[in-house]
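The following pair of complexes shares a single chain, chain A, combined with chain B in the former and chain C in the latter.
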Partner chain A sequence: MNALLVICGLSIVSLLAEIANFKKWLTAIVILGLAAAAALLVQDWNTSVSYFSDMLVFDNFALAFTGLLAFISILWFWMASDYFQAQPHHRTDRTSLIIFSIVGAVLMASYNNMAMLFLGIEILSLSLYVLAGSNKDSLFSIEAAFKYFLMGSFATGFLLMGIALLYGATGSFDIREIAAFTTSHADTLPSFFYAGVLMLLVGLAFKISAVPFHFWAPDVYGGAPTTVTAFMSTVVKIGALAAFYRMFAIGLPSTHSTWSTILMVITVLTLVLPNITAVYQSHVKRILAYSSVGHVGYILLAFTADPTGASGVVYYYLASYAVASIAAFSVLHLVEGNSESITIEYFNGLFKRNPLLAVGLTIALLSLAGIPPFPGFFGKYMVFALAIAQGYTPLVIVAVVTSLIGVYYYFRIIIAMYFQEPQQATPLPVSGAQRALAFVLIILSFALGIFPDAVLSLIQ
Partner chain B sequence: MNALPIDYYVWLSAALFTIGVLGVLYRRNAIIIFMCIELMLNAVNLLLVAFSSRLNDPSGQVFVFFIMAVAAAEVAVGLAILVTMYRSTRSTDINILNRLKW
Partner chain C sequence: MLNVFYFLSFLAVLSAIMVVVSKSPVHSVLYLIITFFTIAGHYVLLNAEFLFIVHIIVYAGAIMVLFLYVIMMLNLNTETEAHKSTMLKFAATICAGLLLVVLVGSLKGTEALPVNAVADEDLGSVQRLGKVMFDKFLLPFEISSVLLLAAMVGAVMLGKSEKANDIL
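Coming up: the complex of A and B.
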C-alpha cells in the first residue's frame, strides 16, 4: 500500500516539476521514487493486509506483481530518458501520465473488489489513450490513439456489463465473496450469471489482447511512439494479465467449467494466429506487436492448464518476456531515429554499425523465441511442463509448433543484423546511459536464465 | 418496483446494450460511435440500479457514480483525440483511419 502511495505521489511531483522547474532531474527522481516504492514492498511481504474495507488486498501475488511493475518501469524510464531529452515538449505531462498508468496497473494487480478493477483499468487506459496520441503531428500516432480509445472503451462496456450481471447474481462486487457465493449456491445461479462471466471474459480478453479480440493491438503498437509501445507491451500487459489472473483464479474458480472451454479456444487461437501473421510482416514494430500477442497465448496456456497453481509460472514468464521486450524496444528506438515506420532493412548490418546494440537485440530476440539458455526458454519450458502434467498434451504440441514458427520471424531480424550489408555504413552512436542499459539488460537476461528459481519461488 | 420481475430489467438493459454494440460496429461517424458507447455504459447503469434496488444493497448505486465519473473523463479524452484527428483530416469518418494496416 505504501508503495502505491509513493507512486501516486511521484506522479504529482512530476506535475509540479513544470512549475518548480526541476525538469532536468525528473527522470532521476522518478527512478529513485520507483526504487523506493519497490523497497517498501519488502516490509509488507507475507502480511496480506487489506485496505479500504477489502477493496485492495496486498497479498504476496499483488506485492510480487507490483514489484515487477516498478522494476520494469525503472528500466522503461531509463530507456526513455533519451526520448524525453529529444522531445522536451510536455515532458512532465508525459512522465506523470506514465506514472498514473503505473498506478492503474498496480490497482489491477491488487484489487479485491470489482470497483477497483474497473477504476484501475480506466486509470491505466485513459492515460494511455493520451500517450498513444502524444505525437500530435503524426497521423499514425493520432490514428493509433483513436483506435485504442474506441476499442478500449468498447471493451470497458463489456467488462462493466459482466460486472453488473455478476453483481446481480451474487449480490457483491467482492471477488472473494463471489467465489464463496458461487461455491455455496452452485445449483441456483441464474442464467444471467453465466452471461456475465462470458462478458467479463470478453472484456478482459480485449485488455490482454487475446485473439479474437487482439485486432487493435498491432495497429496501436505500430502507430504509437516507440517508447509508448514499449510501455504498452510490458507494463500494461503485466497489469492486464495480473487482473485477468486474479479475476478467474480467485473470483471464479468454482465456475471453472463454464469458461474453461472458451478459454481453451481463445488460447489456441492466440497461439496460432499472431505467430503466423507475424511471418508476413515487414515492419519491425508490427512483428513485435504480433509477437507480444503470441506470448499472451503461452501465458494463457499455463492458465488454462491449471488456473489456481500457475501463478509462479505466469510470473516468471511475464518477467522474462518484459525484460526481453524492453531490450528489443530500446534497440528499436535507437535504430529508428526520426523515421515513423521501421522495416527489417533498417537493421541490415547493425552488427557492423554498433556491435553492442546488435548483441543486446540478438539476446532479446533469442529469449523471445525461446532458445536456451535465455529466460524465454525456461518460461516456455515451465509452461509446457505444467500443461503436460495437467494432461493438455495436444495444446502443448500446438504451442511448440507455433514457437517454432516464432523462431523464423525472430531470426529474420537477427540475420539482417549480421549478414546483410548496411544501408548506411556509418557507425550508430548511442549515449552512455543507453550503453549502460544494454549491458544491464544483457546481464539480467543471463541472470534470469541461470537463476529462474529465485523469481519462480516468489509466489509459488 | 418490486412488482416487476428482475428479468424485465435484465432484458431491457440487454436490449439497450445490444443497440449500443451494433451502433459501434455499424456506424461510421466517430461522434455517433461515442454516443453508442455511452448507451452501452448507461445500459449497465440501469442494470446496476435495478439490481441494487432489488438486493437492498447500496453498493450497486455507488458503482453507478464511479461509472458516470469515469465515462465523463473518458468522453473528455475521446473528444480531445477526435478534435486532433479532425484538425489533420477534416473529417470524423472512421473510414479515413486506414493508414495502419498489415
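Coming up: the complex of A and C.
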C-alpha cells in the first residue's frame, strides 16, 4: 500500500516538474521513487495485509508482482530517457501518464474487490490510449490510439457487464466472498452467473490480448511510438495477466469446470495463430507484437493446466519475458532512429555497426525463442513440465511446435544482423546510459537463466 | 405501478427502435433522449433515486449534447450517411439476434429468484449511497480521482498544439 502511495505521489511530482522547472532531473527522480517503492514492498513481505475493507490485499502474490512492475518500470525509464530528452513537448505529461498506468497495473495486481479491478484497468488503459497517440504527426500513431480506444471501451463494456452479473448472482464484489459463495451454493447458482463469468473472461482476454481478442494488438503495437510499445508489451501485460490470474485463481476456482474448456480453446488459438502470422511479417515491431501475443499463450497454458498452483511459473515466465522484451525494444528503439516503420533490413550488419547492441538483441531474441541457457528456455520448460504433470500432453505438443515456429522468425532478425551486408556502413553511435543498460540487461538475462530458483521460489 | 412499468417499457422499446430506423442522425439522437428518460423512469420505480438523477444529468444531458455537437461539427445528414451493404446489415442482424438469445437465455434462470427482492424502500436513496461510498467504498472513491486526473492530463496533452511558436 505504501508503495502504491509513493507511485501515486510520483505522478503528481512529475506534473509539478513542469511548473517548478526541474524537468532535467525528472527521470532520475522517478527511477529513485520507483526504487523506494520497491524497497517498501520488501518491508511488507509475508504480512498479507488487506486495506480499506478488503479493497486491496497485499499478499505475497501482489507484492511480488508489484515488485516486478516497479523493477521493469525502472528499466523502462532508463531505456526511454533518450526518448524523453528528444521530445520537446509534454515531457512531464508523458512521464506522469506512464506513472498513472503503473498505478493502474499495481491496482490490477493487488485488487480484492472487482470495483478496484475496474478502476485499475481503466486507469491503465486511459493513460495508454493517450500515449499510443502521443506522436501526433504520425497517422499510424493516431490510428493506433483510435483503434485501441474503441476496442478497449468495447472490452470494458463486457467486463462491466460480467462484474454486474456476478454481483447479481453472488451479492458481492469481493472475489474471496464470491469464491466462498460459489463453493457453498454450487448447485443453486443462477445461469446468468455463468454468462457473467463468460463476459469477464472476454473482457480480461482482451486486456491480455489472447486470441481471438488480439486483433488490436499488432496495429496498436506497430503504430504507437516504440518506447510506448515496449511499455505496453511489458508492464501492461504483467498487470493484465496478474489481474487475470487473481480473478480466476482466487475468485472463480470452484467454477473451474465452466470456464476451463473455453480457456483451453483460447490457449490453443493463442499458441498457434500469432506464431504462424508472425512468420509472414516484415516489420520488426509487428513481429514482436505477434510474439508477445504468442507468449501469452504459454502463460495461459500453465494457467489452464493448474489454475491455483501455477503462480510461481507464471511469475518466472513473465519476468524472463519482460527482461527480454525490454532488451529487444531498447535495441529496436536505437536502430530505428527517426524512421516510422522498421523492417528486418534495418538490422542488416548490425554486428559490424555496433557489436554490443547486436549481442544484446541476440541474447534477447534467443531468450524469447527459448534457447538454453537463457531464461526464456527455463520459463517454457517449467510451463511444459507443469502441463505434462497435470496430463495436458496434447497441448504441450502444440506448444512445442509453435515455439519451434517462433525460432524461425526470431532467427531471421539474428541472421540479418550477422550475415547481411549493412545498408549504411557507418557505426551506430550509442549514449553511455544506453550502453550501460545493454550491459545490465545482458547480465540480468544470464542471472535469470542461471538462478531461476531465486525468482521461482518467491511466490510458490 | 405495473401499468407505469409497462407504459415506460413500451415507450423505451419503441423509441429505441426509432433510433435505429430513423434516417436523420438528429432524429436518432432525439429519440435516444426519450429512451434515456424512460429508462430513468424505471430507476424511479426501483427506488433508485440517485441513479435516476445521475442518469438524466450524465446521459440525457452531457452525453446527448456531445452527440449533437459531433453531428453538428461533422455536418451529418441523410445524404452523407454511408450506405451499408446488404451483407453487412445481414451480419449485424445475426450478431444482434445472437446477443438477444444469449441475454434471454441467461435471464430465464432468474425466475427462480424471489420477485420482491427490493425489501427496503430506502435502498437506492442518496443517503444510503453516501454512507456506503464514504465507508466501505472509500478507496475506490479516492482512486477515481487518479483516473480523472489521468484523463485530464491526457486530454490536455492531446489537445494542446505542439507547434513551436504556440508555446506560451
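Criterion: the second predicted complex is superposed on the first by the 460 of 460 C-alpha atoms of A that agree within 3 Å, B and C clash if a C-alpha of one lies under 4 Å from a C-alpha of the other, contacts with A are read in each partner's own complex, and residues count from 1 in each chain.
We take it that a contact is a pair of C-beta atoms (placed from the backbone, for glycine too) under 8 Å apart; a residue touches a chain by one contact, two chains touch by 3 or more.
The structure presented is a predicted model; accordingly, all values stated were derived computationally and were not measured.
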Contacts of A:244 with chain B and chain C, given as first, second, both or neither: neither
First (chain B), second (chain C), both or neither touched by A:384: neither
Touching partner for A:129 - first (chain B), second (chain C), both, neither: both
Which superposed partner A:76 touches (first chain B, second chain C, both, neither): neither
Partner chain(s) touched by A:157 [first = chain B, second = chain C, both, neither]: first
First, second, both or neither for A:15, with chain B first and chain C second: second
Touched partner set for A:55, first chain B, second chain C, both or neither: second
Partner chain(s) touched by A:223 [first = chain B, second = chain C, both, neither]: first
Which superposed partner A:94 touches (first chain B, second chain C, both, neither): second
Chain B and chain C footprints on chain A, overlapping residues: 115, 119, 122, 126, 129-130, 133, 136, 165, 192
Chain A-touching residues of chain B, taken from the complex the two chains share: 6, 10, 13, 17, 20-21, 24, 30, 33, 37, 40-41, 43-44, 47-48, 50-51, 54-55, 57, 59-60, 62-63, 66-67, 70, 73-74, 77-78, 80-82, 84-85, 88-89, 94, 97, 99-102
Chain A partner contacts - residues on chain C that touch it in the complex: 102-103, 105-110, 112-113, 135-140, 143-144, 146-147, 149-151, 153-154, 156-158, 160, 162
Chain B partner contacts - residues on chain A that touch it in the complex: 115, 118-119, 122, 126, 129-130, 133, 136, 139-140, 142-147, 149-150, 153-154, 156-157, 160-161, 163-165, 167-168, 171-173, 192, 218-219, 222-223, 277, 280-281, 286
Touching residues on chain A, where the partner in the complex is chain C: 8, 11, 15, 51-53, 55-56, 89-90, 93-94, 96-97, 100-101, 103, 107, 113, 115-116, 119, 122-123, 126-127, 129-130, 133-134, 136, 165, 188, 190-192, 194-195
